[in-house]
Amino acid sequence: MDADQLVKKVTQATGFTHSAGVEVMLAQPGHTILRLPKKPELLQFNGFFHGGAIAGLADHAAGAAATTALSAGKVAVTVDLHVNYLAPADTLAILAEAKVVSGGGTISVVSVQVFNEVAGAEEGSVRVLCAIATATLRAVPLPSSS
Amino acid sequence: MDADQLVKKVTQATGFTHSAGVEVMLAQPGHTILRLPKKPELLQFNGFFHGGAIAGLADHAAGAAATTALSAGKVAVTVDLHVNYLAPADTLAILAEAKVVSGGGTISVVSVQVFNEVAGAEEGSVRVLCAIATATLRAVPLPSSS
Amino acid sequence: MDADQLVKKVTQATGFTHSAGVEVMLAQPGHTILRLPKKPELLQFNGFFHGGAIAGLADHAAGAAATTALSAGKVAVTVDLHVNYLAPADTLAILAEAKVVSGGGTISVVSVQVFNEVAGAEEGSVRVLCAIATATLRAVPLPSSS
Amino acid sequence: MDADQLVKKVTQATGFTHSAGVEVMLAQPGHTILRLPKKPELLQFNGFFHGGAIAGLADHAAGAAATTALSAGKVAVTVDLHVNYLAPADTLAILAEAKVVSGGGTISVVSVQVFNEVAGAEEGSVRVLCAIATATLRAVPLPSSS
């Protein structure tokens, strides 16, 4: 299974990211872009994306980026996640782009940028930074059942 | 509106926390306990709570704790959130307990403990720490429409 | 070598903590208290302890707490450190108290509280919180030369 | 006083950064590079830079970058600092490069990269990433005496 197949499988299986509607835009070893379209279940009282939705997207993008940079049979689980919220996430979709800063061994560190998508991908990529995150992850053996 | 009413209103309105099924167990000025029962939409591929669900619950508990410690007409918005994942969140519900460490002014800092609920509240409180978080928040005027 | 001996050895050897003047007040497995008296080399332009001195003390206290909770022959090295500065560190000494939240294995997580010492230890412990920190550490084999 | 003068004044005054020997390589509004040559007072027991020295350099670089992006008469004080240690800082000098990600108002967020300097500046800039940091800062009025 290559990076793209692995990330799509984990993201689109039942669960948090499937229910949220996370889309895999890019999945290469050590580098992922995920997209999350707005819907009522993801918002806070003021109509912007909830901090939890943003953190969840960033966490998932980081985990995917770190895992695809590991050797087969290992998965990166998040040890800690630090998110800085810079501006309201108030557009019709947000994007999280994750890049491995240091990885491949026991500990991976991944930087994530989260963007408001100002114009859709089909119209060209216009995006404005609304959060940044740093995740520290640990490589563990992939459970054999998955 | 007192602390309990305010937190219940914001949590149970439509949106992320309502859809997730967050329950308000305690809401006093500067101190909140939220509960999140397990359901498929909150899980990762291995059947445990997704990091995003945990981060979202922690963020919401922190925001509620900080806001209820502010003077009326202000709301605390998260500037940054740091979550340490300590153990799998693999029970039927998780609990987030947030306490303001420093607050009341422009900047609030809130410590959050997230627990696996081992035995339900009705049977006595048996809970095991599975994550800790620290949130930094900023006080802003509450939008007049809410 | 017991916890107290190990921590004193590492802290009072030549280097950063020796030069800064860090004192070991308590060193038990998983729990340390370090003290740092004020001196010009530790201050910022306004006469308060510099953020780097506070971070360094917190980091060292966390490393000592985590290492003393490991089996012999292992040392905990910091993977990441998150410090929240709550109030100016403007007294004659600061104290850092570190407690292991989760440890003993590959990854340790340590919570640290940093206090302004308002009255000296000899007069009773009066201290006011000025910063909190969370450190994530990784156990590695202790270099054989130490 | 322009950005360069301000940063040099604050860095080279008596105190933590002066004693440590921090050099200002670049100071533009929102962007700074600081350099810290190795000396015994900055090291840990294994001869590498102590985490506190790295955190202190990163914090100072972030504060300088944020302050120089503010209007005159304001200074940015660190609210929280998150440092990820990626590799041993084991060369003859380290460099911290800080860039404001979001700033100018009440809250600034600054990303910092810390490098091992492999070849000195005079021989061309060869540097290898050894830590990253994110700082959140708050603008406050500059004390009139400074």
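Note that the chains are named A, B, C and D in the order they appear, and that numbering of residues resets to 1 at the start of each chain.
In this section, a contact is a pair of C-beta atoms (placed from the backbone, for glycine too) under 8 Å apart; a residue touches a chain by one contact, two chains touch by 3 or more.
As the structure is a computational prediction, the values presented were derived from the model and not from experiment.
**Q** Under the document's definition of touching, what chains do subunit B and subunit C have as common neighbours?
**A** A, D
**Q** Compared with subunit A, which chain's mean CA position is the farthest off?
**A** Centroid comparison gives C as the farthest chain from subunit A.
**Q** Could you see whether A-D or B-D has the larger number of C-beta contact pairs?
**A** Looking at contacts between chains, A-D has the larger number.
**Q** Rounded to the nearest whole Å, what is the centre-to-centre distance of subunit C and subunit D, using the mean of the C-alpha atoms as each centre?
**A** That pair's centroid distance is 22 Å.
**Q** Give, as an integer number of Å, the spacing between the C-alpha centres of subunit C and subunit A.
**A** 34
**Q** Between subunit A and subunit D, tell me the centre distance in angstrom, where each centre is the average of that chain's C-alpha atoms.
**A** Roughly 29 Å, centre to centre.
**Q** With centres defined as the mean C-alpha position, give me the subunit B-subunit D separation in Å.
**A** 34
**Q** Could you tell me which residues belong to subunit A and also touch two or more other chains?
**A** Within subunit A, the residues that touch at least two other chains are 79-80, 82, 84, 109, 134, 136.
**Q** Along subunit D, where are the residues that touch subunit A in the complex?
**A** Touching subunit A from subunit D are residues 82, 84, 86-87, 101-102, 109, 111, 129, 132, 134, 136.
**Q** Could you list, by residue number, the parts of subunit C that touch subunit D in their complex?
**A** The contact residues of subunit C facing subunit D are 10, 13-17, 19-20, 40-46, 50-53, 55-57, 59-60, 63, 77-85, 143, 146.
**Q** Going by the contact rule at the top, pick out the subunit D residues touching subunit B in the complex.
**A** 79-80, 82, 106-107, 109, 134, 136, 138
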